[in-house]
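Input: structures, listed below.
In what comes next, chain A is part of two complexes: it sits with chain B in the first one and with chain C in the second one.
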Partner chain A sequence: MRREGSLWTGVGTVFAKETADHLGSVRLWFLEGLILLAAGGAVYAAISRIRDSVGQDPFLFLSLFTLAREPLPSFVVFLGFLVPLVAIALGFDAVNGEHARRTLSRVLAQPIYRDALLIGKFLAGLATLAIAFVTLWLLVIGLGILMTGLAPSGEEVVRGFAFLLVTVAYGGVWLAVAMLFSVLFRQQATSALAALSVWLLLSVFWAMIAPLAAEALAPAGAGPFAELERARLQLAIARVSPNVLFGEATLAILNPATRALGPVFFAQLEGAVLGAPLPVAESLLLVWPQATGLVAAVILAFTVAYVLFQRQEIRA
Partner chain B sequence: MRAAIAVALAFALSASATGQTQKESAPAYRGLWVATPYPSFDAPAGEPVTLELTVHNSGLAPQPVQLQLEGVPPGWSASLVGEGKRVRSVFVAPNDKATVRLRLEPSPKATRGSYRFAVVAVGAESRFRLPLELNIGQTLPPRLALRVDLPELRGSPGTEFDFKAAVRNEGGDDAVVRVDAAVPQGFRVRVTEQWGQQELPSFTLKAGEEKTVSVKIQPPFGAKEGRYPVLLGATSGKAEAQREIALEVAGEPRLELVGREERLSAAAEAGRETAIEIVVANTGSATARDVKLDASTPSGWKVTFQPERLDAIEPNARQTVKALVVPAAKAIAGDYMMTVRASAGGANRSADFRVTVRTSTLWGVVGILVIAAALVVLVAAMLRYGRR
Partner chain C sequence: MSEPAIETRALTKRYGRTLAVDGLDLRVAPGEVFGLLGPNGSGKTTTILMLLGLTEVTSGSARVFGLDPARQPLAVKRIVGYLPDSVGFYDDMTARENLRYSGKLAGLTAEALEARISAVLERVRLSDRADSAVRTFSRGMRQRLGLAEVLLKSPRVAILDEPTSGLDPQSTHDFLDMIRGLKADGITVLLSSHLLGQVQAVCDRVGLFYRGRMVLEGTVEALAERVLGGGWRIEVEAEGGDGFDEPLARIAGVQRIERRGAGGFTVSAARDVRAEIAAAAAACGAKLLGLAMQRPSLDEVYTAYFREMAHAA
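And now, the complex of A and B:
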């Protein structure tokens, strides 16, 4: 039967309820605690390194996110690792959990469309992620101000905000993927495992797969141009992984001296003033493909989940 | 004619008598004689005087010659000195001469006036008396002479003009001399030793002595091209000498390059033409002619100047040139260094411009299109699959 009326009917209700559920859930508390511990440690290490160095860095606050001290990885690396976990945890049982609890037909008996249910659930997950990251971001900035006694500059705030948006988009990708699996599989454990294995594949193994795949797919041949072709293909394959996109985007946003992502001809560097920071707009332009790629991935994964959910049979 | 023959005959006889070969030019005088270049002279009071005496033997046999002084005023000391010894006689060969010096120390009480005395040479068969006159207190009036061998020098405004000036004390007394130069406003004068840096505001110059000093004149920075006459003067209290010298300051253009409002940075978009205004200024002293501009840039960049060359920039004038910069189309965003050079004959100047390259926002639009396409797919799915 075709939907009548606006698909937004009930989205608000679902969104409010789901957000409340997420924020109150033990699962989220658990993950938030984990992130806070890891990220807090990383930032503390970064600050102690900043204090040790006497060099002047015009982007001191950005180095809070990127500096690492030996046993601990940097804040950004921690986020790249933990954000997918939080997103998967929020989304892996979004639909099949309702099935399992036999509450789906009850919800749908209300004047709420299926569209609204899925959209509401996704938006609630995204909002939860956003709240968590904004809190974390503010905590880091606050810790930085407290411990270094400096205020971030306008440009640092803009870059930090862009970093926040990219992080939310990155979380959105994994949330959409997790919800896709929750639609696809009836068993919650299956969908959780499936999401986790995809995450493992893309975040850990992809770095090994990309060169092999490029080797296999690239036209055979020697010489610098074949090498360049292979490097480009390898980069294109690697960029299928949202982790790679997130890594590149944060690198360019948080390290203003980054001028290019990918292979650069030597001639292009002739006369270039290395180490000079790029204007914010240029950095954003540089990561624009990565950022839009992440957003497009969110939309596509959600669309697939949506189509599958709409075609499912739901019985009481 | 007859007389000449007679003399020649006599000379030939005497030559045979002494057994010596004679020169062709036979001396007309025969006998002993004493000479001094200045038999009558002036001297300051209370100072010793030395006279050079030569005793000649013309055509006589070799013989010792006694030298005596006649009429030396009492209280004066007079002595004949030969090779550092007091002498009383000299030995002269025929047609030869002997040199002695007469050293006279007038009595300190000697008043102004004329004193006469004589030197008498007494030989075996001949005698000669040389009267001398000494005027005490009749010295030369104070007088300075100033000589500059190279009175006109040429140089650029940055150089120090070095004139060698020889000051001679032509007076009879010692003098303290001061050398100075009347220069135009802003010029700097230093009077130093001829070879050295020690400044000599004034120095003592003995009577008859000469000293060369170095007068160094530095034109002010940015002095205009032209000829600057300078009056060089040497003064002691009583005398002065002047000499006109001239500095020929050759003009020299000096170029400066800056951006508009003194900025050396600019922003440009990759592959797009951007105009950067460049100010070429001439801070030198001569007109810079035919100023050419060029730039060295990262590879793939194009820079053209409008106009490509400037015909002339007057001193202290500036002209604006537009540099049309086209960064390489594939240039990556960020800062690049570009060197712009202006050259006019010998003068040239380069300046580094920092160009911030911005990349095209085309890919940004493409990114938005990708998101839009994804949203279209989503909306299409919602429309297609929307159900209760």
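And now, the complex of A and C:
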């Protein structure tokens, strides 16, 4: 059945309103504060270690993001942990909140399609995440310049920018998942808990589950090839988790010496100068599958939410 | 005949195995105020959602000024204002901000919008609270703000779902006045309610819903005639008219005469027979003290109808 009019009608209005809501919400500022505190600590710790190695590391600024000093984890690890929280906080009540406030039927009685509401809300969440991350990113770089007295090189800026994009995509996955639960469950507490459970499963427990699952599923047998098969399977299972994809992608982007993100044969390393950095383009090529995987996860979760929302009854 | 404002043909909605709306044929003329009446869960809201294209039609068709809500939902929603049952607003935003959001979604341009918002807020008497957060509003004020939103897009049809439920008598009275104002503007109004007295006060015609079907339809008087037998009830008070009921009974159209104490009668008739009653009183020498017409109440129609249904079942 062909419908008249554009499904984009009203997206801009919804986007503007939702973005304003997000940026003014106590919820976001609370989490931003938390991230800033954690990230600030991590970067400060990293800078104190960098001082020892100034002059040896050609990618000083990138190590701001990746260096860790006990007991603090690095900035990237902090982000991998906290970004999903922010994204879930932005999305868990997107649709069921409208139901609870009894505003949904009123808004949908305006001449817009349902698509506009969902797309507008999703884009607003994504924009809010992007604004938050860009701010954070600039703060970290600024802190680095202030404390080391050096400026980042062109390559470092490119790699840093790629890191930013991957972080937004990673946040997008969790935003879409949270919105999916907000369509699925009428209670806001239920959808928040469901999203947090999935986050806990994929970020904490998945690392333990993947080896066990690989062992159970891989064909039995000894020898190097069975071993390799098992390792590949384990990696494939682990990569279901967006956290693993994010971890691998940031590793390759921020650590130019990274040459592969999986098992490598000695024969493949023949002639390679270990520890020598890859050019930016090669690193980006390396993380292309991970980045695509993250974007695909965003699209998948959003599509499921979209279909469910289209079929949902509006009445309370 | 001119194009009907709302027309449905055999409109049906099925949720799983239950029929929410069953073969509804409804026709509302432009400028008319039509009341959908019925107990909760009788299919009123479902019908409204189908008219707005917010829920899919299982079979049959619906048209709003010739537009199909299933295929041209945006065109329909541009000319229809909808006030949902227990309407909600964004509590942290002011009345004006809430209306601005709806107005932008409705596609009004920024310059036209501000003037329009002030005008509709004035009309529902919320001008002095325009810039307070909706959180502080009473139920009656929210309902009026909902009506302001309906008016905002200058609709040709206003659909109001249970607009007066939960309001105190004064707010109800004010709200019904505003609905009459819509009619004066030439807006077609479809009103759903289970509160009969109020529907009766504003509606030109009503349709009685029961289990997804419209079981009765017409003006309140016509319904009364069909269900109660007599459409008109006239209270007569006369002095010294002992033989008065005999000439009364001879008047054409009188169906029943009940005696109420000395000199008091209640006459049920199929038409307005007040003039004949006065003439009869004069003819037999009785002093006519009072002659008052009682409009049949929808309440009576409703109870009588459902009693019948219960007997039939």
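To be clear about the criterion, the second predicted complex is superposed on the first by the 309 of 316 C-alpha atoms of A that agree within 3 Å, B and C clash if a C-alpha of one lies under 4 Å from a C-alpha of the other, contacts with A are read in each partner's own complex, and residues count from 1 in each chain.
FYI, a residue touches a chain if its C-beta (ideal position, glycine included) is under 8 Å from a C-beta of that chain, and two chains touch if they have at least 3 such contacts.
Given the structure is predicted, the values throughout are model-derived calculations rather than measurements.
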*On chain A, do chain B and chain C fit together or clash when superposed?*
fit
*asked:* Let me test your reading of the model: by the given contact rule, A:Ile314 touches which partner, first (chain B), second (chain C), both or neither?
replied: second
*Does chain B (first) or chain C (second) touch A:Tyr113, or do both, or does neither?*
both
_Per-residue contact with chain A, leading partner among chain C and chain B_ = B
*May I ask you to decide whether A:Ala260 touches chain B, chain C, both, or neither, giving the answer as first, second, both or neither?*
first
*In the overlay, answer first, second, both or neither for which of chain B and chain C A:Thr103 touches.*
second
*Minimal inter-chain CA distance - chain C and chain B, angstrom*: 6
*Kindly list the residues of chain A that each of chain B and chain C touches, one partner per complex.*
1-4, 108, 113
_Under the definition above, what is the set of chain A residues touching chain C in their complex?_
1-5, 9-10, 13-14, 17, 101-103, 105-113, 313-316
*asked:* Which residues of chain C touch chain A once you look at their complex with the stated criterion?
replied: 45-46, 49, 52, 54-55, 70-75, 77-78, 80-82, 84-91, 101-102, 104-107, 146, 149, 153
*Can you check the complex and tell me which residues of chain A touch chain B?*
1-4, 7, 108, 113-115, 259-260, 264-265, 267-273, 276, 278-279, 281-282, 285-286, 288-289, 291-293, 295-296, 299-300, 302-303, 306-307, 310-311
*Contact residues on chain B for chain A in the complex?*
297-301, 328, 330-338, 354, 356, 358-359, 361, 363-364, 366-368, 370-371, 373-375, 377-378, 381-382, 385-388
